[in-house]
Amino acid sequence: MTTSLLQDLLSALTLRDLRMRRSREAAGQPATPDRLQAECERLLASDGEASSISLSRSVFDLYARLDDGGRLEFFRCLKDRFGPDRAAIEQAYANYRNHGDEAALQQLFDACEPPRQELLRRLNLAPGGTRELVRMREDLLRHLDTESELRTVDRDFRHLFGSWFNRGFLVLRRIDWNTSASVLEKLIQYEAVHAIRDWDDLRRRLDPRDRRCFAFFHPALGDEPLIFVEVALTAGIPDGIQQIIHADGRSAGPEAATTAAFFGISNCQYGLRGISFGSFLLKQVVQELKHELPNLQTFVTLSPVPGFRDWLQRLREGEVSEPQVSEDRLASLELLDVPGWRHSEEGLADLRDSVLPLAAWYLAEAKNSRGLPLNPVARFHLGNGARLERINWLGDVSEKGLRNGVGLMVNYVYDLSEIEHNHERLANEGIVATSASVRRLLRQAGEQKQGVRS
Amino acid sequence: MTTSLLQDLLSALTLRDLRMRRSREAAGQPATPDRLQAECERLLASDGEASSISLSRSVFDLYARLDDGGRLEFFRCLKDRFGPDRAAIEQAYANYRNHGDEAALQQLFDACEPPRQELLRRLNLAPGGTRELVRMREDLLRHLDTESELRTVDRDFRHLFGSWFNRGFLVLRRIDWNTSASVLEKLIQYEAVHAIRDWDDLRRRLDPRDRRCFAFFHPALGDEPLIFVEVALTAGIPDGIQQIIHADGRSAGPEAATTAAFFGISNCQYGLRGISFGSFLLKQVVQELKHELPNLQTFVTLSPVPGFRDWLQRLREGEVSEPQVSEDRLASLELLDVPGWRHSEEGLADLRDSVLPLAAWYLAEAKNSRGLPLNPVARFHLGNGARLERINWLGDVSEKGLRNGVGLMVNYVYDLSEIEHNHERLANEGIVATSASVRRLLRQAGEQKQGVRS
Amino acid sequence: MTTSLLQDLLSALTLRDLRMRRSREAAGQPATPDRLQAECERLLASDGEASSISLSRSVFDLYARLDDGGRLEFFRCLKDRFGPDRAAIEQAYANYRNHGDEAALQQLFDACEPPRQELLRRLNLAPGGTRELVRMREDLLRHLDTESELRTVDRDFRHLFGSWFNRGFLVLRRIDWNTSASVLEKLIQYEAVHAIRDWDDLRRRLDPRDRRCFAFFHPALGDEPLIFVEVALTAGIPDGIQQIIHADGRSAGPEAATTAAFFGISNCQYGLRGISFGSFLLKQVVQELKHELPNLQTFVTLSPVPGFRDWLQRLREGEVSEPQVSEDRLASLELLDVPGWRHSEEGLADLRDSVLPLAAWYLAEAKNSRGLPLNPVARFHLGNGARLERINWLGDVSEKGLRNGVGLMVNYVYDLSEIEHNHERLANEGIVATSASVRRLLRQAGEQKQGVRS
Amino acid sequence: MTTSLLQDLLSALTLRDLRMRRSREAAGQPATPDRLQAECERLLASDGEASSISLSRSVFDLYARLDDGGRLEFFRCLKDRFGPDRAAIEQAYANYRNHGDEAALQQLFDACEPPRQELLRRLNLAPGGTRELVRMREDLLRHLDTESELRTVDRDFRHLFGSWFNRGFLVLRRIDWNTSASVLEKLIQYEAVHAIRDWDDLRRRLDPRDRRCFAFFHPALGDEPLIFVEVALTAGIPDGIQQIIHADGRSAGPEAATTAAFFGISNCQYGLRGISFGSFLLKQVVQELKHELPNLQTFVTLSPVPGFRDWLQRLREGEVSEPQVSEDRLASLELLDVPGWRHSEEGLADLRDSVLPLAAWYLAEAKNSRGLPLNPVARFHLGNGARLERINWLGDVSEKGLRNGVGLMVNYVYDLSEIEHNHERLANEGIVATSASVRRLLRQAGEQKQGVRS
């Protein structure tokens, strides 16, 4: 017997139940938020595992039959009806003030815990429950922008998902052309950075001897990857993405490689947003590759710079206060407004000399309100303890690359011996680890400012 | 790359670190509860995953080097130093009273949560962390009897384990003679009901074509089973255990079987006490067997009655108020005091006629303070929705069986069509589902009482 | 360690050797049939395994570098230079006549065995040798039509392949959407009956719950399938292929199916032509499906009738002597010459009434020189012991189906209880097993003949 | 569906058939060599796969029911009735003389091939046939000593087994404590060199981090290993077996090891005697270990010297002509006749100085009639291209080691760079590859001789 056989069985049973129930429902009982709420209350009131599971299935079934408005109503109900009971808090607090012992403290804690947490825990017991809760949170996340008061509900989802998707429960698997089609089609679907067009394109990415791909899986999600990373094994630090994703298949072979370049990291589950796997994934993959290929010395990313073009625009329009930029430099940036600028013969070198120091400044110095790098990709890698190594001019000449990041691609180096130190310096002092060449660019950005001042 | 390779790698790294650290320690810094507490505080204060993992390793390392007294001190410290901050609760409550919004509510909840919960969550992130926390709780459980104030700490362990060992994360695997020796040796070690003497004994249990064994595994514990169940496929409901565990290998074959008899269910992880898997295991195994062998019609246990002899003794001594028993019946029970009574020619039939109704009463009517069956095995199976089917005289003539349960073995039937109903009736009305034959015994027990009254 | 790891290793080693050797060769030693012959002779003369393997690699390397003409020359050399030594036969025969003992007999046998058999056996010892010999035979087969004297060489290949691809060494695997992409792409490539256009088409064939696909694999060929069969689970015997390969995904589900319809059987290895796997495959798949779905009662093919249109043409032109056909019937066949005849409103019913009896005659009565059915598909299934069940009018309206088989599709039923009997009757008496409806068609074909006579 | 499921199925079917047939047989038809012969003749005469398989099952069934005498009679029948038809040979030869073409040659070859070869090939088609034929040859081998005329039958078995157990079809698997109990129990059963007492002993051999074990498997034999090798990873070339098989579990770990020592190689299938796997196994294991542990530099055996004590005895008794030994040396050997000699304080050093040169001579110079080393273990390793590296005094002080090999253990080194060369020199010139220290011992042995001469 295999797990998948069993899961087939269970879902077959579940499906049959569902179908029976549906035909019953079809006879006159439509799914409504009220009925869903009532079923949730029954679930919370039940004490046994046996009924718990069938009630959970019923909750998921009703939820599945609601339309978008009905689901929004359900989320509001989770906030209001399945939030803490304020009277109970009062009472527990009074008791705690009177007695002050551990039991009273525990009661107060229990009174403060939103009952929806227990509700979600019970729903998670149903076969396939984790998967359905992840799908449910996808719906919830889509409403957060307009319904900010639902953030408190999302906080409970995220808290529980953080516990259930603990990295100790994640399984790293190598993905290659021998992987099942059902997993591979998800890669095509989820690749976020550099789109995979079709199966032939996928094969070109995965199959060459100098490519690797790894993904994290979780037992409760079966063959659904959580996150995956694509790696090219190269003879040096690569400076452009097109050479990698349109490779012609010729390569010196993995034995000759000294460098592993991570060129695509994609989260696969929107419903797990905010649950962080990437850092663990990269570190495990580094270990894995070191073991397979002891010759590898450098572990580096080839990363885009989303948002840089927007930031640059705001800088040109004076909406960004730092760094100060000389008029000459500002003038040279005007070439960016010319369609097809990258093929321009005139002014391109000036543009490059202006852009690169500003990009270094954007990546290393521009910070968000928490003092961390403004650029989300930089924030991720530098936060993991990587080093800002090199900024590559015309490293991504795809339309998307030019539009978002002025065609730049960045290398962040993962050096296991300095990761912890880099991370701590960024966290505690706000200082980004940089290479000598990036520091040179940063000095140039500073000098521009001084030029202005004088 | 396989998970186990990776785990080897990680533990090799960890071991190396450990060794380095140890040699450092050996140079003069002994492990003390104070230093362990300091490291835990650093872990709670850290914000990044990178340092989090090495700090966790350090915590586990220090803990491993403490002796029993040191560990007890650490548990007390978990209670006192890593419990909620009462001043913070005051402040959060005041703020909540003033504002009363969701944010204030959340802050109050956060203030009430013992920081040790977050500590345990962070420790769980280290490679192998789950396993080490399970071992840590083993130590904690051993202290609970004498240090009852540590129960509040255990409550947090149990709460988190309940979340991490969610049944959706458990993997059912069939265990047989093709299973790895590293798993099989754990069966020998953990079998709790009917001891497995050695590998030959194990083979006799597992290998015949009419035997099955299943276990639950969890990805974070690798090859460590959580719980396992042994099954015999038989032509009818079996009435004794010796025929099963000393079978001579002749069998009608699984094709001819109509009954699956669960004759041993053993929890393997003391550190997971109170986290319930058995009910899910049995139900999944029933599904599994139905699929493999569509001829199976009856799913039944062959279970011991631990504690019955003690209860009977207390009944004879008048310490148990119900049921009332006639003098004749009481007299017939005196044979139990005669060593080797089961070979006695005289009085054995009377003894049987007295014991069986009392056993039915003990299993179906004797309740604990929560209104559930007093006998723990009955409580488990009846709570799962099983039916009390048959009580077998001299069903276990081993020394242990005679000593604990007067040699009785009980069949509980799992009938999927009535499980939910049985469970609900027991939970809501305290009524145990019984077969006609057990009801007949219960009437006899009642008549005895009437006999006394008249 | 896994096999694939090992095979990677070995092929890496081999590749490196190859590369070294090639650079050496490139320095001045071209591959020629003479040098290949010399290397083969060294291999036959060597006595040790160590040198045997490197010599085998060298033989395969030289062969790979020959062009088509060079390879043909090598095959001729296999016939002439690695055939039996006639002088040695003379001598062995003389010795046998003198002594007549077992040893002399053995020597005579050895003298008669072509040395190329031993050569092939030794080549087979090299890592990947089996695979390379299968490729080598592909080249050989392409020459057989024009170089009939090479058939004696092919006989030795076939003899050895028959031994190496013994069905006891074949492994049956289910193929579905969870199978690796590297295997699935071979299905796209090898599907011979109803072409699979692309990955989406493949998914439509494999993924629905009422589809099954199985293939035979051999350990020496790794992930290369030898033969595969596609199955649709249906509620009755299907009468057309388009409904199956263009299914819309709606289905009653496998639980409701009573029939397993084999609608595509494709050999994957041209180099294994004449080594029969299909019969074993179908019988194993029947067992497999019966086990998975006990409700299945009928196992049937949905098969094309290649060659029927040609045979019909020859019948119309008087080149086929039997059956005799009335002028009316012959006239009705003229509609076939009209493009788009199947959409014709007039004459289509007459055409149908003429074609079906003739098709029954063609399948059941038209025999080849060995007394077996002339039609190759009929020969295969009827030779396996299947029964000619039904001939379906317009069962395949694809261009190919209309061109080759006048649009007919045929059901052959595999009934395990009569397979052996059917096979024996065909083999010994030349009698094809038919259903009542087919016998009716055969009578109609006979009556036409009588009509002519009268 | 898995292979094993299928095999279960097939064997279940087979078993049922068998049982049906048996009950039929039991009704009055005993198994006799005559009936077995008749069934074999039917099998040879049948032309179809369907009947072929059921006839094969019938042959195996009848064979299984014969007693030892019946089986011997069957083997004689294989020789006489299923040997070549002498009249047919005459006729084929006459035809060949007349025509002399390829077809006639082929006919002659076919006439010379013993029909039992085809019989064995057909038997091999039955499910489980290969396994049953291996068992059948076990019986045959037991008769060869007394029935030498059956060697011609065995030759056909060996010829076909050589083809079926081609190394390309063998699968190398690592064996460790995670291997299934059903495989591990076979190691206990088959270990030929240093007996494994029980499961605890097995665990001590396999489980330490510095141990490895590998075995070859064949798909037709399932979980039955063909041959296995035990390896210890050590810091230098080990000089004694007791330290290895009674290791206390402390070890520097595989990372620190420079040497892989093969200390036990055991063939598992008596019925495959003479089919050589050992050489391939060792070479594959060397590759495997090199890949896993790049630090390994030396691959060496720790091998016994069976037969040395006997040879020494014959030398002392003058039955062995070379080398000549001085009287002094001969006298020193007398200590060997004293029970417990290895604990003797006096004469032990002299004994050592006499024995070691003679052992070197025995291993490197004593040859059999084919010019290969007389000692079978030396013949195997030196024939594989290994080098005679070191002879270890008191390397095996077990009773068996002292009795067979005067307590010596020998290291043969496998150096991939010289394997082919060593093999060729031994095969062509009879020269054994030796280390400097062994050459020194050989010179001492020679000097003794000269000493005698002078």
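Lettered A, B, C and D in written order, each chain numbered from 1.
One rule holds in what follows: contacts are C-beta pairs under 8 Å (C-beta built on N, C-alpha and C of every residue); 3 or more make two chains touch, one makes a residue touch a chain.
These numbers come from a predicted model, not from an experiment.
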Seminar exercise, completed: In contact with chain A as well as chain C, sorted by label, we have none
Exercise. What chains, if any, are shared contacts of chain B and chain D?
Worked result: none
Problem set entry | Furthest chain, CA centroid comparison against chain C | B
Problem set entry | Cα-centroid distance, chain C relative to chain D, in whole angstrom | 39
Seminar exercise, completed: Distance in whole angstrom between the CA centres of chain B and chain C is 57
Problem set entry | Multi-partner residues of chain A (at least 2 other chains) | none
Exercise. What is the shape of the graph in which nodes denote protein chains and edges denote touching chain pairs (line, ring, star, complete, other)?
Worked result: ring
Seminar exercise, completed: One finds touching chains in the pairs A-B, A-C, B-D, C-D
Exercise. Once bound in the complex, which stretches of chain A touch chain C?
Worked result: 4, 177-182, 184, 198-199, 203, 223
Problem set entry | chain D residues touching chain C - in the complex, by the definition given at the top | 1, 3, 5-6, 9-10, 13, 47-51, 54, 79, 83-84, 86, 89, 93, 96, 100, 102, 105-106, 108-109, 112-114, 121, 124-130, 149, 152, 155, 160, 162-164, 166-169, 171-174, 214, 219-220, 276, 279-280, 284, 287-288, 291-292, 383-385, 419-420, 423-424, 427
